[in-house]
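Note that the chains take the letters A, B, C and D in the order they are written out, and that residue 1 is the start of every chain.
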Amino acid sequence: MSDFDGAAFTRFVTTFADRLHERREELTQLDSAVGDADHGINMDRGFTAVRAKLGEGATETLGAAAKLVGMTLISTVGGASGPLYGTFFLRLATAFGDEAATDAVGLGTALRAGLEGVRQRGKAELDDKTMVDAMAPALDAYDATAGDGIRPALSGAAAAAATGRDRVTPLVARKGRASYLGERAMGHQDPGATSTTILFESLRDAVAAG
Amino acid sequence: MKKLINAPDTVVDEALAGMLAAHGDLIKVIEPNVVVRADAPRPGKVGVISGGGSGHEPMHGGFVGMGMLDAACPGAVFTSPVPDQMLAATKAVDGGAGVLHIVKNYTGDIMNFELAAELAQAEGIEVSSVVIADDVAVQDSLYTAGRRGVGGTVLAEKIVGAAAEAGQDLAVVTALCQRVQDNVRSMGMALTSCTVPAAGKPTFEIGDDEMEIGIGIHGEPGRERRKLGTADEITEALMGPILDDGGFASGDRALAFVNGMGGTPLIELYVVYNKVAQMCADRGVTIERNLVGSYITSLEMAGCSITLLKLDDEMIRLWDAPVNTAALRWGA
Amino acid sequence: MKKLINAPDTVVDEALAGMLAAHGDLIKVIEPNVVVRADAPRPGKVGVISGGGSGHEPMHGGFVGMGMLDAACPGAVFTSPVPDQMLAATKAVDGGAGVLHIVKNYTGDIMNFELAAELAQAEGIEVSSVVIADDVAVQDSLYTAGRRGVGGTVLAEKIVGAAAEAGQDLAVVTALCQRVQDNVRSMGMALTSCTVPAAGKPTFEIGDDEMEIGIGIHGEPGRERRKLGTADEITEALMGPILDDGGFASGDRALAFVNGMGGTPLIELYVVYNKVAQMCADRGVTIERNLVGSYITSLEMAGCSITLLKLDDEMIRLWDAPVNTAALRWGA
Amino acid sequence: MSDFDGAAFTRFVTTFADRLHERREELTQLDSAVGDADHGINMDRGFTAVRAKLGEGATETLGAAAKLVGMTLISTVGGASGPLYGTFFLRLATAFGDEAATDAVGLGTALRAGLEGVRQRGKAELDDKTMVDAMAPALDAYDATAGDGIRPALSGAAAAAATGRDRVTPLVARKGRASYLGERAMGHQDPGATSTTILFESLRDAVAAG
């Protein structure tokens, strides 16, 4: 059975784009406290471009669609989040290959490939207080429940992302701009972990809406 | 938000258009938003490029020209440029002798330059990179993002650009850039925050009697907030860590660079320089060369940064070499 | 008041000490607070001096050097210097060919320079004076103090300094300065006020959505207060009167100077220059030369001024002539 | 009879210096509204220097004392007020000559010479809204009552200076920085007319205290 097809992927990306746009201020505000006040602006710029690109035309396969998203992000976002989210989607693309659709396990494999890409690009470990602290637990939760099907797996992933995001809020950051603040970063929620949580929530809801 | 702009999302493009209109003799602007030396590529010359978020003007576009940068890649305000820009810049300036990427140490800059370098190498262009990380406000560490690249970048671009202009090869130019990085230290402070146009409000709030010590160049808060001090106290707070971490000792020769953050007028920078000169003299450090002005800024932020570079004869010769850019010009 | 200073009453002297420490190769400082070209007096060369209140840095001290001013007299912040300074400056730079006083049109400057000229002439030094009054925000009239001297002063000092450097005599240099004055027009605006150190608080209050149009360079309010506009609207508001009053017509050649008031970063000045270039093109006025930066400031005030000078071949040649000062340098 | 001697002159100048210092903020505030926020600072700087100079030593004659004040002001004040008040005192000096003291008429003649000096230096007419609008009526009032003696004459002069200062407040300024403001200067009290009023009040009180 195939629970995740091109339509679902497009719903996912457009839902993510919508929510990033809605929450642009919030993400930028978080980045003002520990960074340079542009995370919401960066993500919104990138996904506005992605939306346009996806609109342009037929992307036959999941792989082609994910690649288009990744390339567009790398070419339009800049900053740290551009290469990171860009790499995430490019790795998804490779994992999807030219399948038109995939199942719970296939999606999980692709998402984990994405996480690995982010890890390699950014060299962040758990507890460095970055998007990785939302992404890694999300995938562990996903894998743990993938057997029950894609929807419960994605619900668990979204919940785990949020938990991971909040878990590292008290910590000092060791990667990204927040690391420059030393102790002053303690107690501030990480912008990237927040956008990653939005990503998994969007994925959950996009599939549920299918 | 009080700025001389038309709209947050057009400010970078319009400023670039203005630069081109003003300095068409020095630069050209190619897609996607890359400032390129008018006469690039120069056959047989090592290309030197840099880039970073906008909002630091005149860095980097104002340093493109004879004897300094061959190209600069301005990103969105405070946002690292995208690989497409560095790839286009690298191709545009490659004269067959390879291209040096001078990268300020920020996660975003590092990753975007890295991606571009991979793509350029894939197209057969020899690329080397040097990361500038001179901000002593941040403790150096393998386990963190490390030190920020700040004022030292300006000095590296001038000195390295002169070596490339003189025909040095990529290995030599790269090693020289690394030597500048190893010998330069900086630290900055802010009296006010600044407003990212697209954000529309100041990045941080600060009281009339407070200041931020140990800031970077992106309007971010610093390492600590203190009660506002006098120019001399502030200069001591910045110079102490610079002199100690850089191991500046009696007999050393230095280039002293007092930089304005964008909203601080020259009269105040000279007050700071006056104290910098005294402190160097007290340490027996001879200031052989100096630079006073706003060259690496944080939009309209009020504040300053101090940079000290330990000089050797070659660096002095290269600093004095002719340069002709919008922001730095002498001997030409 | 947030400034990088030690005390209101030491800021001018400490900034001067800092300038001397940074530019000892170009300048010397003599009593009572006069910045003099290091190699003055130059036998047989007409001396060119200027002066005015402090707070306008780099004007005038930053323009002392080869090819521009022989001396500058900085007064207290926004207060014309005293005759003793101009007398000392005139004596220090007189090489036997006489001395030109470039005076900005403010009652205080006029009277203090007048007193100094009388005293210098009494000592047998030939002195001529040209008054710069280029601010079109103020209507010209015999019955008032007339127009303020603003941005045009910078251009006059460069062009006239080059003529003196070339060995022109006092009559020729004086006539040239008058020609620059007759062909230059400026207008300025402010986004914020500024704080005179000794006063301790902003000279005027202004709302977040307001701006002052038609300001001078002393932090004074302008001719009128308007709702904050876009960079294009502001540029039009300044350029209109400049183009009309100066009678700039199709075929004219101009030097366009976009100046920052001290607290406005370069990125915004280039946005303004972009519009200036478009408006000149629309009028058929060719911008032959340009200058973009903060050269005549009002402490940390945010805002800008625009200056247009109608050029002739001689002015262009003299503008391009080598200059070596702290603030303007090329060809040397 | 001689009602105005060196002691009175010194009392006058030191009283003026004291009051300029006390009212430095007020004068600077007035100058903020229509000028460049330095009139109080300028006057205080100048008369602080004058006080020091007078302290330094014996100035035999009224002329020598007034000349010392005028020269000191010219060398230390700058701005418009330096040459103007400097010239005022230099003209006083010439009028006083080497008298050790003078009477009501002599003082009136000297003060009028001072006014003429200010007029010549600054080329201001009545109603240009400058110190002249306080100084000129003060001298007219003085002359009108000089016959009754120096004290009533000085009382009249001080009162007339204040009246003159206030009379021009509604006007547009035609000289000095306030002229740049056009209509915006209307309703603002002139800083220099204010310091001139303080001058005549100081003179009145210094003589009364004799």
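The rule we apply is simple: a contact is a pair of C-beta atoms (placed from the backbone, for glycine too) under 8 Å apart; a residue touches a chain by one contact, two chains touch by 3 or more.
Since we're looking at a predicted model, the values are computed, not measured.
Student: I'd like to know which chains remain joined to each other by touching when chain B is not counted.
Tutor: When chain B drops out of the picture, the chain contacts leave these groups behind: A | C, D.
Student: How many angstrom between the C-alpha centroids of chain D and chain A?
Tutor: Averaging C-alpha atoms per chain gives centres 76 Å apart.
Student: Quick one: chain C and chain D, Cα centre-to-centre, how many Å?
Tutor: It comes to 32 Å between the two C-alpha centres.
Student: Whole-Å distance, chain A centre to chain C centre, using C-alpha means?
Tutor: 55
Student: So what shape is it, when you link every pair of chains that touch: line, ring, star, complete or other?
Tutor: Drawn as a graph, the chains make an open path, so a line.
Student: Taking the complex as given, what residues does chain C use to touch chain D?
Tutor: Its residues touching chain D are 53, 75-84, 106-108, 111-112, 114-115, 137-139, 143-145, 148, 196, 198-199, 203-204, 216, 218-221, 223-224.
Student: In their complex, what parts of chain D are in touch with chain C?
Tutor: 28, 32-38, 41-42, 45, 74-84, 121-122, 174-177, 179-182, 184
Student: State the interface residues of chain B toward chain C in the complex, per the touch definition above.
Tutor: Residues 2-7, 11-12, 14-19, 21-22, 54-55, 57-58, 62, 191-192, 208, 211, 228, 230-232, 234, 262-274, 277, 287, 290, 292, 294, 297, 299-300, 302-304, 324, 326, 329-332.
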